[in-house]
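Shown next, in structure tokens, is the structure this report addresses.
Each chain gets a letter, A, B and C, in the order it is written, and its residues are counted from 1.
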Amino acid sequence: MSDLITPFLIQSAVQAITPILLASLAGSLCQRAGVFNVALEGHMLVGAFAAVVGSYFTQSAMGGVAAAILAAMMFSLILAYGATVFRGDQVVIGIGMNLLASGLTAYLLRVLFGVSGVFSDPAVVSLARIRLPGLQNIPVIGWGFASQTYVTWIAWALVAIVSVALFRTPVGLRLRGVGEQPDAAETLGVDVTAYRIVTVIFGGALTGLAGAQLSLGAVSVFAEDMSAGRGWIAVVAVMLGRANPLYAAGACVLFGLADAMSIRLQGEGLPNQLTDMSPYLVTIAALAISHRKRLRAAAPPAEVAAASPGGAVEPQPDTR
Amino acid sequence: MSAPDARGETPRRLMRAPPAATAILFAAIVGGVLVIASGANPLQAYYQILVGSLGPGALPDTLNWATPLVGMALAAAIPLRGGMINLGGDGQMVIGGLTAATVALYLPAPGPVAAIAALIAAALAAGLYAALAAWGETRHGVPMLISSLLLSYPAVGVCSYIVRFPLRDTATGLPQTRMIPEGARLLTIAGPLNIGLLIVIAIAAAVVFIDRRAIAGYELRLRGVNKRFAGYGGIRLDAQAMRAMFASGAIAGVVGAITVLGSQFRFIDEALLIPAYTWSGLMAALLANGEPVGAIIAGLFFAALQTGGFAMQRETSIPRVLTIVLQSIVILFLAVRHGLGRRNA
Amino acid sequence: MSVLELEAVGVVKRYGALLANDHVDLAVERGEIHAVMGENGAGKSTLMSILYGLQPPDEGRVLLRGVEAHFRSALDAIAAGMGMVHQAFKLFNSLTVWENIVYAREPRRGLFIDRAKARKSVMDLAARHGLGVDPDASVGKLSVGVRQRIEILKALYREARILILDEPTAVLTPQERDGLFDVMRHLAAEGRTILFVTHKLNEVMAITNRVTVLRDGRVVDRMKTGETSAREIIRAMTGRSVSLKIDKGPARAGAPLIEAADLTVAAPGGKPAVDKVSFAVRAGEIVGIAGVAGNGQSELVEALVGLRTPDAGSVRIAGREVTDASVASHRAAGMAYVPEDRALIGSALAASAADNLAMGFQRAPPIARGALIDSGAMMVRARSLIAKFGVKIASEDSPVGALSGGNLQKIVAARELSREASVLIAEQPTRGLDVGATEFIHGQLVAERDKGRAVLLVSAELSEILALSDRILVMYEGRILADVPQSQANEETLGLLMAGRAPSPA
């Protein structure tokens, strides 16, 4: 067992966690604001693509990150306005956005670079890694952070900052109320629609960053559909964490470890088609176990209702 | 206090006819801008799509493409009719495809018998796997939206493993099974078309008939309108969810089997997934809000669009993935636009 | 005294064809407790929502301290010193008490909420008005009475000088109600003005200074509480002097068809919602369950019909053990059920009347023909039920979402009664219905009884319970306190029992 937990394993886990972590942070905030964001997957893909494009044309990783954030924020406008001002069905919009992201990035990949499938080019600058001297000597945590991109550092800092903001500031308190009881928040003078729009767009920025880490973090490559279900795992992390950024981060760590372990098992000679399943299986098991625990606590899982299509918009009882 | 909104109607997700036309027009305009931005002529692109799908000689190709796509639209429409979403079509289709290939290769029976057994086995295997997602929701509280999708990845992974190792065709060395003996293949009708088309037509007819005339159709439709009412009225919701998902998965499995037995003649890793039938089918079903006839029409429309896309790519410089972009814009427009309608109502 | 704090002058509000407020005049003096009375649907809630800025009047004016007020939203009303405690609380269950109270008006320290200051001001406010709360408790775990205190504190935190309480006692136990009355008296003594919306007579007599009575959207009377009597107020409210009486013969009770034994439903927060309840309803009798709303009636019914699995005890329907079974099994045993919420549970609003009326009949002839639906038979059935129950609907193909409350209830009742099931459970069957529809439903319930069925009636309307039931079970805090035959029941004894007190031996 001990030879399984190596500095390399921890490092690749931390690396794998970053995009999911950022996306789950976005998802948690949206959930708090009362928007069920299943478009995280698409946001991430748009971000990953824009990051490569930005990096390629500006010849700088920073340019890539900026492009990723901007593009994903623009993309998030569909959900931000579609689910609020236009009151569309959040799940349908989310699924549509994921497909749009998949098609649009593949289309632009061909048009801009004339390739299909995978694009890599020396001109694409990847994210710099921060190396703090001595860090690699601290077991586990130190191993994990010894050589990571600044996006990873930002991601963990954001988890802390967002948690504090959510639970300690007036804006955070109002946001939590907006998602739970929009009527009540509205009568107390909080503009529910504005809160939701801003939150979804901010979530777009976070998932854009996640996409940048995906395409410019470990590699400097864009591959079609490279988000590969990570956005959905983030959705699950939000559910497991009950929209608490810290708990959701805990769930992300679990998936990251499963992911890293699968790479490790490949090293042991298991075919990757089998080991690649582990994050998904861990996810399903975690959901089932958390449901059982919650049943015992006798609190109904609100997320389940939110997850079924149309669940968020029940007809109002006719009081007359 | 609540202003008497006597309607209080359950939101119908999307509207039909005229809004659909507006949505298509809108998608054409946005797509056109995209085409112009990439330095090509949108009118030429759309002309090629039209000719390449419905023009002389193109129709068989469109129908051939529509066979799996409409099949997957029906697979998506069944749960959607009851207010559920099956995002795991990919996994179910692959399971069906691999099961069919295995049965057709290894069942010691005359060809036609093997083919029929392969189709049935594919439907059963994929149906049971889909029902697993429903079981996850009813017994373990994992929302079906999530469980169906997450179960898809391991299914694809395991099938990929099987075809890479135990069942790999050693002659070619590629990740694919051996060729299925000719007797066990689906009969060809003409050109690219085989009796898989007839099977999908039969499934479509059955789904429409059940939806309109059968008790099961009534119960599923009413569940879609108000799930709590259906439960209160005495419908066993858990069993119903399992049945709907089984039917959905079984159709997806048959689609996989048809493709394997009718066009590819072997199970090839990833070959079933690349055309993204699952997602186009889901979009078609969403477009019709699960109503089967609407889903079939939308599926045919998307099939024509995508088939035309090949011609467009051939004749112009525009990548055919543009058609996927057009499809998703149609969906998004209707999803958002539907909200507009509701607010003004 | 006699400084006018709040006035409504000639307020008119229409909803389509319905005239909810018809030139209503209301004058409330500073520092008084002013009751606004009327039956369900008399227009009380509409008037309050206009005063509070939730909706504008079609005609007429609202004057605040003699100055015309133009509230665009509740926000303007709050800024002008008004507060309202709604019947359905507007609280954030996952947040703490103090977070709920300071929400959107948080004391700050730099970027952060000044939690110490927020908690202190909440505690000070609570202490000053005798509204004991734990500022750090999570609201979702608190009892209804405490939640109401939080709503009042929320208004007081925003310096409300006028407080509107909309049916505040409907959900309270007698002790909680007495506590609320103390708070109301205290607030009035401080010079705050209280508008008390209710339809409970004894409460009006106990606490108010003046009364304005609404009926059918119009003000029918204004009285000083000290100079009037309960009888006079009732006459004003109902336009008749006695409550409804129903013509029915004596019950001929037969075998028990609904049997509950030690039925228990747990609730979050310790005390069970239904606490070891045992009773039986026999063929040919109507058993009424009386009680203040929120004493476990809803949970009891959910456990009886199979919408909720009881935590202990057993349920038998027509002799068949169905404790842990689904609604479907209960129905198969022979149960019809008219649910409390006809729009969310009792019907599919977007579906047609024919579809709604067929639910539960789709698996048996004549509607079922093998595995298929005979749509002709479905239409025939729908048409005959629509005619028999006098539902006003364009056709059997029209969606039921467009129907009025009374007509929708007739659809629900038509479907359930046509089951000819041996057991009928009816929950608030006439809530929100007009007099005609109410009488019709009452007649149907009695007819069911006379056909030898076991009828369980759950209603918050004591008069309805008294008029219909052969026996009355009184529920209080999850338990059944008494089983009273109709002949021995009257408003007074039941009222005492509903308050949790055993009647003194006569």
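Observations, loosely collected:
Going forward, a contact is a pair of C-beta atoms (placed from the backbone, for glycine too) under 8 Å apart; a residue touches a chain by one contact, two chains touch by 3 or more.
Because the structure is predicted, anything quoted here is derived from the model rather than measured.
Chain pair with the larger contact count among B-C and A-B is A-B, by C-beta pairs in contact. When chain centres are set by their Cα atoms, the one at the greatest distance from chain A is C. Between chain A and chain C the centroid-to-centroid distance comes to 44 Å (mean Cα coordinates, whole Å). Taking each chain's centre as the mean of its C-alpha atoms, chain B lies 47 Å from chain C.
In whole angstrom, the spacing between the mean C-alpha positions of chain A and chain B is 27. In chain B, the residues that touch at least two other chains are 1, 4, 6, 8-10, 226. In chain A, 315-320 are the positions where the chain touches two or more neighbouring chains simultaneously. Each of residues 15, 18, 343-344, 349, 401, 404 in chain C touches at least two other chains. Here chain C touches chain A in the complex through residues 15, 18, 41, 73-75, 78, 90-95, 99, 103-106, 108, 111-113, 115, 266, 268, 341-344, 349, 401, 404-405, 408, 432, going by the rule given at the top.
Considering their complex, residues 1-2, 4-6, 8-11, 13-14, 34, 38, 80, 83-85, 87, 136-137, 140-147, 149-151, 153-154, 157-158, 160-161, 164-165, 226-227, 279, 282-283, 286, 319, 321-322, 324-325, 327-329, 331-332, 335-340, 342-343 of chain B touch chain A. Here chain C touches chain B in the complex through residues 15-16, 18, 45-46, 48-49, 54-55, 86, 307, 326-328, 331-332, 337, 339, 343-351, 355, 358-360, 362-363, 368, 371-373, 375, 399, 401-404, going by the rule given at the top. On chain B, the positions that touch chain C within their shared complex are 1, 3-4, 6-10, 12, 213-219, 221-222, 225-226, 228-236.
The touching residues of chain A, when paired with chain C in their complex, are 168-170, 173-174, 176-177, 180-181, 183-185, 187-190, 298-299, 314-320.
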